[in-house]
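Labels for the chains are A, B, C and D, by order of writing; each one numbers its residues from 1.
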Amino acid sequence: MRPNVYKFGELIEDVTTHPATRRSVEGHAQIFDAAQKEEYRDLLTTTSSITGERISRYLSIIGSAEDMIHNVRMKRLMFNLTGTCTGGRCVGFNAINSMWATTYDMDEELGTDYHPRLRTWLTEAQREDITLAGALTDPKGDRSKRPSEQKDPDMSLRMVEKEASGDIVVRGAKVMIAGVAAANEVFVLPGAGYREGESDYTISFVVPRDIEGLTVVEARHPSDGRDLEQGFDNPVDYGGITQGYLLFQDVHIPKERIFMAGEWKHSTKAVLNFIAPYRSAIGGCVAGQGDVIVGAAALMARANGLSEKVFRERLTQMVVNNETTFGMGIAASVMGKLHPSGVWIPDAKLANVNKVHVATLPYETKRLAQDIAGGIAETGCLPSAEDIRSPKYGDLLQKYLKANCSGETRARIARLIEWLTIGEGVPGCMHGGGSPDGAKLMINALGEIETNIRLARKVANIKEEIPAPGAK
Amino acid sequence: MRPNVYKFGELIEDVTTHPATRRSVEGHAQIFDAAQKEEYRDLLTTTSSITGERISRYLSIIGSAEDMIHNVRMKRLMFNLTGTCTGGRCVGFNAINSMWATTYDMDEELGTDYHPRLRTWLTEAQREDITLAGALTDPKGDRSKRPSEQKDPDMSLRMVEKEASGDIVVRGAKVMIAGVAAANEVFVLPGAGYREGESDYTISFVVPRDIEGLTVVEARHPSDGRDLEQGFDNPVDYGGITQGYLLFQDVHIPKERIFMAGEWKHSTKAVLNFIAPYRSAIGGCVAGQGDVIVGAAALMARANGLSEKVFRERLTQMVVNNETTFGMGIAASVMGKLHPSGVWIPDAKLANVNKVHVATLPYETKRLAQDIAGGIAETGCLPSAEDIRSPKYGDLLQKYLKANCSGETRARIARLIEWLTIGEGVPGCMHGGGSPDGAKLMINALGEIETNIRLARKVANIKEEIPAPGAK
Amino acid sequence: MRPNVYKFGELIEDVTTHPATRRSVEGHAQIFDAAQKEEYRDLLTTTSSITGERISRYLSIIGSAEDMIHNVRMKRLMFNLTGTCTGGRCVGFNAINSMWATTYDMDEELGTDYHPRLRTWLTEAQREDITLAGALTDPKGDRSKRPSEQKDPDMSLRMVEKEASGDIVVRGAKVMIAGVAAANEVFVLPGAGYREGESDYTISFVVPRDIEGLTVVEARHPSDGRDLEQGFDNPVDYGGITQGYLLFQDVHIPKERIFMAGEWKHSTKAVLNFIAPYRSAIGGCVAGQGDVIVGAAALMARANGLSEKVFRERLTQMVVNNETTFGMGIAASVMGKLHPSGVWIPDAKLANVNKVHVATLPYETKRLAQDIAGGIAETGCLPSAEDIRSPKYGDLLQKYLKANCSGETRARIARLIEWLTIGEGVPGCMHGGGSPDGAKLMINALGEIETNIRLARKVANIKEEIPAPGAK
Amino acid sequence: MRPNVYKFGELIEDVTTHPATRRSVEGHAQIFDAAQKEEYRDLLTTTSSITGERISRYLSIIGSAEDMIHNVRMKRLMFNLTGTCTGGRCVGFNAINSMWATTYDMDEELGTDYHPRLRTWLTEAQREDITLAGALTDPKGDRSKRPSEQKDPDMSLRMVEKEASGDIVVRGAKVMIAGVAAANEVFVLPGAGYREGESDYTISFVVPRDIEGLTVVEARHPSDGRDLEQGFDNPVDYGGITQGYLLFQDVHIPKERIFMAGEWKHSTKAVLNFIAPYRSAIGGCVAGQGDVIVGAAALMARANGLSEKVFRERLTQMVVNNETTFGMGIAASVMGKLHPSGVWIPDAKLANVNKVHVATLPYETKRLAQDIAGGIAETGCLPSAEDIRSPKYGDLLQKYLKANCSGETRARIARLIEWLTIGEGVPGCMHGGGSPDGAKLMINALGEIETNIRLARKVANIKEEIPAPGAK
């Protein structure tokens, strides 16, 4: 592929070897490795609803509650195996499914041919088993104004040209896009529900990562300077996060890769179809990292010479947190409904409740891990690997770091907890897939206060009508 | 039925009219009423796996994840309709299912004939559509000692005679048994996992509520004095809790109603088979009452002339709490397994995690309701219905209680919130179906710390073996 | 005194013997008893700043941080001794101090003579050592409208006549007024900050409890039916809450007992002067009851035969909660300022932060107590005292209630926990002295966001000016 | 001074200019700068109780509640000014005061002359206005064993020689010692309460930071790689943390700088005398950083074009958290006692309760900041300063980062939030000054369960004695 990914002001010639992206690529590669293993095959692969072939689950249509449960469990597994996010596949997976339903509806209502286009592209994608990132978030500019009201019209990605052929040219950016460095292609979604007059912003398409006119600049993340170092201060070799800023400078998109181009009335639905499975499955992510955090905390306790018993109450609370986001993801999956297009859409209320948990419980889990692990792990308060191996005083450091295991092993475990709780392994689970505020808005909208008021009135046999103050 | 229920030192001649039990009976009657309605029929009735007839779901075998989900939803519905617990049916329902699996296993391993006995009795029970309470909790005495070590051997219910015919005679008590006053029969379970030497305690059977030798003394509950009053200070007419102390004075149980009699090795399994569905479904209970609490709080805000907007964040949090216990119940249901006897057993870890939530989240929901509803509702701080209707000063009280509705309506709503949060409507969700400590013990036992430690080691490539301190 | 207190539709002839009020009177009497004891004398009495005589602290001017700390500690002590609220003294105490400062300011600014009037009355009150309730809360009516906008102008207490002599006539009500039944006099404060056109609502005065035209109707509280019973189901004999609705039917107030009459510009200050000490000292109340809850929970564990060790983490959390509200009360006390009138006014921000804790932490403390104490205590799930002493089956109940102590003792402890957590002992700490919403409003107003923004800008050396969106 | 500080395997020749230590030195320098300013002088300086001269408060004896309150406020101020910890002064300050009391007691009981030695040294230190770090934490090794039971006897710092002159030679390490790089001297304390047979570990003394035989290796902290970069990715220039590992290779300590040498019976008291003020004052630290976090979150909201109103509830909660740790620090200060040596010792129970809050509340504050600030700030998810200034695509990044301010300013604010919540600014408040587990142990020890049980018994008039299970 054409090198178009940058970090620290420099072009990354080869994302598979450059230290800034290598770990993320390796993390995504774990998916392929695991899919080969007997124990994970059923989770990571499935049968294509299009071709009947065995395909990666990440490129499949979620056709049932069971498929959706597998999605939640798959994400838990991938965090178990890599310690962090392999977002270069799951967002794309969600995007396919969101647009599978949305294009179906558009074609039904508008007589367009988006759905067959998507089917054609997906058939090929499944055959080639590509890694597909997904891009949702626009820069947005001043949040007090709508996309069409911004001073600079480019603050949300938009069509600047619509050719007679049906091809379009797009300008703008998508930001904080996970795993692009590890991806072959990027599936672009409308970043929000748009209104009349915002049809140029209502676009969905898929592009090769190295398409002409696209530049990717990688975001930093905590402690990412250690990626460039030797030693074990970034303690994880086969897992890592990248989040790219995708700069589209008048990129030309051919018609057959376009799945939405101006149909603003359908944009909200496209976003909702994305949100429901995403906010369900993210419960698996958080649980999967939580599993590793529980293990790391217990391991650190052992390394310190302390029994898990001392920390039983806290370890149990951490497990409760993990199982809560996992369980809520499962529940949202099960209580969903089948869309006419064949996509299973999880329950919106439960999915959004899960988003609220995902934005709070992992913080408690991490705090408890730091509590259990002690001062050395809280902020990774120990000398660098280079110091620990210093010929001058490394032996002294190793002597004094030693506890119920060697000094270096104890250092590595402390670094792992730092990585998981205040370092490179921390994913953006608070705002990833939308902010908790948005989730609360939806819960509130779905909360059926009026129904509950009726229940209360009936239980206590209250007859008098009480108007809602301020209502008209 | 023979009158054998007492409260306040007196025999209750007719439980359906006596004010101490009438509301509970009426609450249970709502189940029959609702089952007639088109909208609830599928939830409240099902097809008997034995006879193929339409039966009450409360007397059915839970044969699938879907059945178990219906159980969770049914409990939510019944709290929606009565505002509180109709425990005189759901514990019995759980007991049937627990012993359906347990008797199957016993017969398989021991060659006994308990399972066909249970089937025979259940067939008849389904046909007669009885209301069946369930009895689990023993008095236990000094908790630092096992049942067989107590000074008084009767502190857990036990066989004092096993006749040649297979009949047995039992002595002891079961305490805090929900809904006995509304029940036709009571299904008795072993109260704990028993060990060698405790076979006399390992008993399960079913008795008519008015069997010879059984005396029921009803427990008090908060504000239950109001049951005996006129007026609306107990604001709910068709719903209420009773919890009986069942005193067994050498009660004779015929063989065909005995489902366990000494097989202590199977007692733990019997308890676990009870716990898993109970701790899943209780998520529905708590959500169902939570729905009414949300409605009551919003209604009180209106009555005070305040918009829900002011309380949006809090109402949303209450909905999050409701959906969390509901969702975790659903998740535990779905992730279960089919027992060879045909009973679907929910996932133990998720069910116990839910018990932890059930012991905490409703407290927050109630606190938020009191927060929203204001000082008048916090402890029901307003004069009695009798005062409000006093010919002397009742008009003044009504004048000053008035806000965005009449004074009396506002008083009723305040009483409803008192009833729900610090009065008669509060069920024992913390310890019902076992204490949160027990749930945490199980979560911990199921928590797979070793698996998590392996994950952590693998992620950070930690090779050195670290022995668990204190392990042998 | 003239009998003018009603409950359950009946006149209470003698508040000291009638079961509905007797316990509250006894609770307040404990203050006098304790003041005699060497160990408590310094806390409960002090030297009058007016006369130099030894007086009850409840009638003193709070003249220093140390006085204010003694106030917080005194409230903790009284909850320790009575298990609940003796609000018939502390609100009056607060009212005196609030108006001591407010009258001083009014006289300075307006040339009125309120302050000497108050001094004259207080000198006498100290000499007679009266019990003085305080009355703040108005009925308010529709909360979406201001007092002057209500359909019924009486929804806040108001002057209906101002005589030439300076005497006034008042009409309206004060509601949920603590301890009136135990009081000799009632100190009335303006219920809110008033605006122009609301001067008739801006009144402060003191009246004998039995003044002509005043009727008191007592509010119910949870389980108050038990007051009328024998036995130990209300387990506390020397402590109890009453909260009266005070109906003023054109009550004539002589000039020398009036401390504010129309000066609306000073009403907000009067309220703030009340709030700061009240919301500081309430931390002592909540801690004092929390001490008893900790003791009751630990005692119940013993009664059940369980070691405190099992519950150590939870008992420690309960202590943390107690010390937090106590400590914040102390901190607010210390960080206060001396008003020119000689009254020490605690720090408003810390006092209001404490109100937020007072509205949340006790709920957790009570939940933990129910958790520790088990199912029998959660909702007081055991038969009545009458049943336990029944000649027919009382022996059986006592047998089965027995654990590491007699059945009756265990029953009494369970009732105590019910009383403390879901019964008569629960004070209205959430909304007492104003709602947490009001406290948050004040914290926010005092929160110095702009100062904090300046700090942040300086730390990160951010130069660009960023206007607040929506600001003009 | 002799260069003896290392990081990343290399000797730091000049701590004032080397990027790894420069910011920490600058942070400490802010103390001197601020002390010159009129507005801060009273807080940062005081009168020496020894000489009567104006001295830095950091070298003073805390002689009263007021002094202790100033300590809490001073720490809040320093976090306000530097955004983070200036631990190179406050630990030393605490150490002086702990040993002031401890040496006094030792001299009284044992006839030693430690106290005058300390006074002599302190007089000089005040005169020279030195920066004094404090060193408490030993490596400890296997936590399941006491210091004297470790395989390697050096796991806690110890005397290996006691010379006839009274001089000693010490070997071992002190780890995670704050601000050593910025300090002139280091005050060493016994790291724990020691027992018989552990007198060699019971040592206290003061050394120049560059004493012969002492090597300091700096610990890493999150994102510390950015210290070595240009640009604003470490957004704070005048503040920063260092935490050194101090390796003592047979360091010779002259008698006049030794304040404890073997008196193990006094070691626990020395630790307690350290803990009480430390755990009080740390409430000021956490509040001070919290102030900056509130400001940064509100500023980010503005930068995004959002009104603070949207976030009012959360900003208020953040203020509540800040004022709680601050207030508890104040309360512990006030409720203390004067030690005969003239040192004011804060209340141990309140100080330890504060430690529990310090280990939890800041985590919530940081979570809320990330919630308010959005995805860009959660993990600092934006390109590096170098990218933002790239000639190739920097203009595009700036264009798309722009909102209600320039792109670069928005980037700087996002980096500040990253720095405060998941980066270099995060201090080790969980375990600094001892772990929350230790604090809970002390609260429990001080919790007076027996007293509380007596209160509960008295309130409910419970006569029967109930023995504590398991008690002898």
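General observations
As a convention for this text, a contact is a pair of C-beta atoms (placed from the backbone, for glycine too) under 8 Å apart; a residue touches a chain by one contact, two chains touch by 3 or more.
As the structure is a computational prediction, the values presented were derived from the model and not from experiment.
Of the chain pairs A-B, B-D or A-C, the one whose interface repeats that of C-D, sharing more than half of its contact pairs by residue number, is A-B. A centroid comparison over C-alpha atoms places C as the chain most distant from chain A. Inter-chain spacing, taken between the CA centroids of chain A and chain C, is 50 Å.
Note on chain placement: the centre of chain A and the centre of chain D lie 37 Å apart, centres being C-alpha means. Inter-chain spacing, taken between the CA centroids of chain A and chain B, is 39 Å. For chain A, residues touching at least two other chains, in rising order: 142, 144, 305-307, 313, 404, 469-470.
Chain contacts here are complete: no pair of chains fails to touch. Within the complex, the chain B residues that touch chain D are 142, 144, 313, 469-470.
Here chain A touches chain D in the complex through residues 6-9, 137, 139-145, 152, 154-155, 172-173, 175-176, 215, 217-226, 228-229, 233, 243, 245, 247, 249, 304-307, 310, 359-360, 363-364, 367, 370-371, 374-376, 378-384, 386-387, 389-390, 392-393, 396-397, 399-404, 418, 422-423, 426-428, 430-432, 435-437, going by the rule given at the top. Taken together, the chain B residues at the contact with chain A in this complex read 65, 69, 80-83, 232, 235-239, 291-296, 298-299, 302-303, 305-309, 312-313, 315-316, 319-320, 323-324, 326-328, 330-332, 334-335, 349-350, 353-354, 356-357, 404-406, 409, 412-413, 415-416, 419, 440, 443-444, 447, 449, 451-464, 466-470.
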